[in-house]
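Note that the chains take the letters A, B, C, D, E and F in the order they are written out, and that residue 1 is the start of every chain.
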Amino acid sequence: MKLVKAVIKPFKLEEVKEALADIGIEGMTVTEVKGFGRQKGHTEIYRGSEYTVDFLPKVMVEIVVDDADADKTTEAIVKAAKTGKIGDGKVFVIPVESATRIRTDETGPEAL
Amino acid sequence: MKIKKYLLALLISGATLMGVGSLSAQEESAVDEAAVAAATELALAPAKAALAAGNDQAEAYLGLLEAQGDYAYAFDFFTVSMLWTVIAAALVFVMHLGFATLEAGLTQSKNTVNIMFKNVFIISIGIISYAVIGFNTHYPGDFNGWISFGSMIGDLNADGGNTFGYGGVGLAMTGYGDFIFQAMFAATAATIVSGAVAERVKLGSFMIFATLLVAIAYPVVGSWHWGGGWLGGLNGGNGFKDFAGSAVVHAFGGFAALACVIILGPRAGKYVDGKIRPILGHSMPLATIGVFLLFLGWFGFNGGSVLSADPSGVGLVFTTTALAASAGALASILISWVFLKKPDLSMALNGILAGLVGITANADIVSPMGSIIIGFIAGVIVVFSIIFFDKIKIDDPVGAISVHGVCGIWGILACAFFDVTDSGFTFIGQLIGVLAVGVAAFLFSIIVFGILKVTIGVRVSPEEEAEGLDIGEHGAEAYPDFANSSR
Amino acid sequence: MKIKKYLLALLISGATLMGVGSLSAQEESAVDEAAVAAATELALAPAKAALAAGNDQAEAYLGLLEAQGDYAYAFDFFTVSMLWTVIAAALVFVMHLGFATLEAGLTQSKNTVNIMFKNVFIISIGIISYAVIGFNTHYPGDFNGWISFGSMIGDLNADGGNTFGYGGVGLAMTGYGDFIFQAMFAATAATIVSGAVAERVKLGSFMIFATLLVAIAYPVVGSWHWGGGWLGGLNGGNGFKDFAGSAVVHAFGGFAALACVIILGPRAGKYVDGKIRPILGHSMPLATIGVFLLFLGWFGFNGGSVLSADPSGVGLVFTTTALAASAGALASILISWVFLKKPDLSMALNGILAGLVGITANADIVSPMGSIIIGFIAGVIVVFSIIFFDKIKIDDPVGAISVHGVCGIWGILACAFFDVTDSGFTFIGQLIGVLAVGVAAFLFSIIVFGILKVTIGVRVSPEEEAEGLDIGEHGAEAYPDFANSSR
Amino acid sequence: MKIKKYLLALLISGATLMGVGSLSAQEESAVDEAAVAAATELALAPAKAALAAGNDQAEAYLGLLEAQGDYAYAFDFFTVSMLWTVIAAALVFVMHLGFATLEAGLTQSKNTVNIMFKNVFIISIGIISYAVIGFNTHYPGDFNGWISFGSMIGDLNADGGNTFGYGGVGLAMTGYGDFIFQAMFAATAATIVSGAVAERVKLGSFMIFATLLVAIAYPVVGSWHWGGGWLGGLNGGNGFKDFAGSAVVHAFGGFAALACVIILGPRAGKYVDGKIRPILGHSMPLATIGVFLLFLGWFGFNGGSVLSADPSGVGLVFTTTALAASAGALASILISWVFLKKPDLSMALNGILAGLVGITANADIVSPMGSIIIGFIAGVIVVFSIIFFDKIKIDDPVGAISVHGVCGIWGILACAFFDVTDSGFTFIGQLIGVLAVGVAAFLFSIIVFGILKVTIGVRVSPEEEAEGLDIGEHGAEAYPDFANSSR
Amino acid sequence: MKLVKAVIKPFKLEEVKEALADIGIEGMTVTEVKGFGRQKGHTEIYRGSEYTVDFLPKVMVEIVVDDADADKTTEAIVKAAKTGKIGDGKVFVIPVESATRIRTDETGPEAL
Amino acid sequence: MKLVKAVIKPFKLEEVKEALADIGIEGMTVTEVKGFGRQKGHTEIYRGSEYTVDFLPKVMVEIVVDDADADKTTEAIVKAAKTGKIGDGKVFVIPVESATRIRTDETGPEAL
């Protein structure tokens, strides 16, 4: 199994969720995060002093999928989250050794 | 010797009083100046005697009494009425904090700075523009009944701070009292619009629109009713009844909001594939604080509109206002529980406001039971109205059109049904009045906001809307903790 | 000719005044109607003269004076007193926002919508039910001293808005003024209970209980003291002293809360394996805002209870109220710092409230130093009381039982120790009074809440409690940002 | 027979009135007691007649009138003025909630409990210490013009609640009214400092400093101006003009804050490698709520400083206060938009406060246009002042030094330029006065805070500062939801 | 070493913490997240419009443990977090290559 | 590629960010978390009852880097985040199989 860990723009969450539903993904976990990346340099002023807003609001979506689904999951996210503007985010794929559904003690792909 | 003068004055008083009697007897309307002076002397007697007796501090008080001129006999009543006026103004001011927190609570956190900013701007420009042009446009004195632009206010104490007389007991306040109370009202119209266009309106365009609305449209339309304009001749000369402004403030704001929302369109993501996707407000505590503060401020809005501290009027208005608000809440709770299956806090909050708007036109002419019914019906109306506007894709994040526009109409019409003073307000007369105000607000807004749309634009870019107006317009977040801080 | 009538009237006045003198001299209690009319004529003289002199606007003012009937001489004082009454009502209204935010702040965010909803409901049903039954139950007029159910209020201005006289200077307000001020008090009892049962009580059951409490129990018990009931005969006819309601409002609410908490049991996870596991409040700013607003509102609660604008009374009450609140805060700060090792904000906040509840019974009869001591002791009591109730597993998230119940008792007893007016209030008399009120509230609540428990249940399911009542009861979150929004 | 006494009294009244006339005629300043009594009799006549006529309830009202002594003729005016005083006190109380929320909003969430705690403490100790020593130090009566320590207040109603007379119409309140209004002011100075030293000051040291500041420094310096001290002799005997305290409250607090910040140093991470790194406030809604509440409270601060309900004074002051605040906001919006490129909410908020501080010294002597200009200039000044202090590394999280100190000076100087009453206030006189106050506050603070620094220390450890004072000083979090809760 | 990444119902955190303490786990990191899964379909109404609350509040617990402890950690979490109702959550196990304690520069299992 | 997952004290974020910038790291994702660890036992009192604040505010920094950079990234974080006091936190390194930049569809190290 793989953990697909995507950092996206917050307002893309709804579209990503739907794109994942379309390919049959039924579970995911979402976290509010702040992202630091190339999309920086937007300088703001607070009470007269300039500062750079380095950390921008992002949303991290984590989905554990069967090995076979990792690529299409990644693709679906990339497609749904793309605006073409800097700061769109990344998708990382990380190996997962086991998964357990707490409710049923099922493990492995059935647990997803 | 002065003693003689004093005795002489007393004598003249006495003599003239008899003359006064005869004047009255002959029912002549001409004023006998000497008689007036004598009557005033009577009112001044205790203070004058005290001063004469060496009670030095009576001088200041006597000065106040004398500044009151011919109305010295009512100085104390005038003073308490004026005090009530300024306190009521402060209460109406509180409503602006209420609007700000309600609007912020019912919208997303990414637009909170923008909303707070708009509200700070609105109250500020509202007060300033009302001084510069609004007040004298709102109350133009003798005019054509439709429009007359006023100039900047001058020294409103020029008459010694004594304007008790100019509206009889019904306007027991100085010029400044009148100004500040009305100035606090003026910004309300723009605030109502602010809520409806929230989360997508371009800041600069909104600021221009709001300025024109409060500086020109509001006082012009207001002058039709409160400034002695043509609306006063309605209802067969009986006047059009709008006690504290269900029409000239709330419906006015509601219809302006409707026009702006039509031009602006709904927020991105609100109506997708023909389905409504609610965009949740980010803080129910803020929204609740807002509504409680509005409820509080309404005691000044309606109570101050008694225009004096007349005990029977103020007591009645406080009571009907509170009963209507409470009944509105209970109605919205009931309706949302029965029809929407859950007791919805945001609907209960809107129910309070609906009841308040509904009672605003008639708080001084209904019975307690009448006020409960008016509020209850408003609380029912507001729920269905909000659902209706959502169905027809009029996206109004805070429900301003329903609360202020629709319930404003209801309040005006209710004057014809629930009046216990037999003043003869008619359904038709009331309808004409509120429609005139609504249409005027709507047309003004369609034109002005429409021009802004085709020139500088009225809507932020989709990117900015998605990212939030706080970053886009202000470069700031409402809750920025953690980012870039040394926390 | 009318001139003759006028002169005649003046003559009669003069003549009758002498008769008045003789009446008074003979110390007869019978009222000489002619003398009264003459005395009134004296009070109306300046306005009448002004009107007669052609000062048309005097008519309205004269109308107000005349509506005042035999009490025209005190009309201006009546007006300012009535104004104070309605402003005080508005301040007491603010307390409800204070209660709402305090309760929300000291509980978890997953129950915030529920808490706000309850508070919106309580104030609404409180005001409506007070109109429908409460007011006339609270002030039944002549009755058996224990209970008499009243009917819906009618036109309380039927007497021309003039009820100055009915309680002497001590009740200088119209019927509506009296109503609205007392209506704002009524909901308080239910609000106190709301805080104590928060985070686990079933919404519907609480709404039923709260309605019965404010509509029936509160005014019935209140009538014992303020409505002229049996409590007035205590203390050897000297009356039971409870100035603004330490007993009949606060202890009443506190004991009702105690009963409900006993029936309801503690929140899940509060007492585990014999150990107390605090459940932290989710927002200290909300809690602090709540307490400041309560402090503010208390100026109306206590200050308005002077029942007139009597300058010496109002000034004293404001001062003792503020001093007791401040002393309460300092005491709680000190005690929590010394005994709990940290300066605890939530204790400081409770200290303010403790001082306020403590002074409520006696604000008009103590010295500044007395008020400081009363507040300080209340601030000490509240800390230990909160710890005590926690020890015996009475789970009260906001400390309502300690603040309102325990400090309410203290305030009542303090009347016997700190009275500087030598009114002879006795410890025993005060104790009997507050116990009667407390026991009544407790029994009523045990029975009604108990019946609710065995019928429809009073507690949400463990799942719902764990998940939070916001989702469970309302299907809404207090801070829903991010989920399902297009942010 | 009493009837004779009564008639006799009336006769004497009449006779003495003539004597009064002659007294006045001879312009003797000596008080003829009999004449005074006769004058009073005139004022009491209607109520006495009513009582004599058997109108029993007149007794209480007559009692109030009689307690008023020689000033019975002005009792109703006195009553309404006193009512305004206590309501104004309540409004000034609201400012403390405003300060608390503004300060919390503009700082990081890890210090929020600490900030709320400080503000609860300040208002509490402020009121208590003002009773114990402050009031009688502030108003020492006859003294050397520089310093005189007072003792605890006693029964301020000892004169029957009648102190109308002691300052003429300009002080129409009882002793308690005077006390409570001034007590609410007293804590302000410490609150101003609180904002400037936030996020790093040691709690205990701050509490000691704040106590000494409000208990001693504030009333001593205040006595120079308001207590009849040496500042009254400035401007060629014309007095130093500081209507409601731009200098003796705001500049005082601002300069004390400056001294403390100099001693304390900036927050860690604020100035790094010569660059300013802003530390963002954690909640713009809290900050906005704070400023609206301060605006509201200022109506009491300035309006109450009229020291009576004089309609012309109160109306003017409300108007100038609102106009200056609004103009301040618009100026700050404009300046921040033009110079800082974005419409900055926090600057708009500071602009409101700047306008309010600016108008505080002169609200009763300027025209509407004058007040707009004063507020506008204050709004410009505050933006550049905040930037300036940041440049020179004076780290003031809320801008207190600029808002209260710098704009306080501006307000005082503006008296010389915008006075429309031709009272002859001079630039030099005003400058001397405000500098005297500022220097005194600065020196006191440098010394006392300096001593605290070298003894117990004034700053928390770097670790505690990094972790937040909430955990460090109070062992509590402001928003603790989720941790260790059973959520 | 393994990263045990569990998504649980928020009110189960205390019990999970205690269960972990019982088996000697001394460190963990907790994040507030929103979960999307089978436990959906609870339709709510906001101001009259229906919507589905897809994302429910959950808590993510992350614990890095020695390889040997991964299973018993998983078991302990499953046991403590189970309510048997839908939405109880999942436990994922992910390989970890290294761990360092910042305070001491210790690495490997001692760093945990 | 590796995911370097560091839990640090919140006030160290700025320094860590700068330390990472110094070694050329241009992207990271940051989450507010609560940490449970040895740094416990600080007992607090809430309304008179003692309780242990088990969960302390921490910040989690997640950075995906090229395999080669994992060590120096870890080192940089450790150095910048160290105060030497208990509770400084941990750095974990987790294998990552793929990375995609949403904006450009780039994958692998170029995506970082």
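Everything below uses one rule, namely that a contact is a pair of C-beta atoms (placed from the backbone, for glycine too) under 8 Å apart; a residue touches a chain by one contact, two chains touch by 3 or more.
The structure displayed is predicted, hence computed values, not measured ones.
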{"item": "Chain C to chain E, fewest steps along touching chains", "value": "1"}
{"item": "Of A-F and C-F, pair with higher C-beta contact tally", "value": "A-F"}
{"item": "Homomeric contact chain C-chain D: same or different residue positions, threshold half", "value": "different"}
{"item": "Interchain centroid distance [CA atoms averaged], chain B/chain E, Å", "value": "54"}
{"item": "Centroid distance [mean C-alpha coordinates] between chain F and chain E, Å", "value": "18"}
{"item": "Separation of mean Cα positions, chain F and chain D [Å, integer]", "value": "49"}
{"item": "Multi-partner residues of chain C (at least 2 other chains)", "value": "76, 80, 83, 87, 110, 269, 277, 280, 283, 289, 342, 344, 346, 466, 475-476, 482-484, 486-487"}
{"item": "Chain F residues counted as touching two or more neighbouring chains", "value": "11, 14, 31-32, 34, 44-46, 51, 54-55, 83, 85, 94-95"}
{"item": "Touching residues on chain C, where the partner in the complex is chain B", "value": "1-7, 45-47, 49-61, 63-64, 67, 75-76, 78-80, 82-83, 85-87, 89-90, 93-94, 96-97, 100-101, 104, 112-113, 116-117, 119-121, 123-128, 131, 152-157, 160-162, 173-177, 179-180, 183, 203, 283, 286, 289, 473-481, 483-487"}
{"item": "Parts of chain D lying in touch with chain A, wherever the complex brings them together", "value": "276-278, 280, 336, 340-342, 344, 346-347, 350, 383, 386-387, 390, 399"}
{"item": "List of chain A residues in touch with chain B within their complex", "value": "9, 11, 14, 34, 42, 44-46, 51-55, 57, 83, 85"}
{"item": "Residues on chain B engaged by chain C in the complex (per definition of touch)", "value": "16-18, 20-32, 35-36, 38-40, 42-43, 70-74, 76-77, 80-81, 83-84, 87, 91, 108-110, 164-165, 168-170, 267-269, 277, 279-285, 288-289, 291-293, 295-296, 299, 303, 309-316, 318-319, 322-323, 325-327, 329-330, 333, 342-346, 348-349, 352, 367-369, 372, 420, 466, 468"}
{"item": "Residue ranges of chain E in contact with chain F within the complex", "value": "1, 3, 17, 26-31, 64, 94-103, 105, 111-112"}
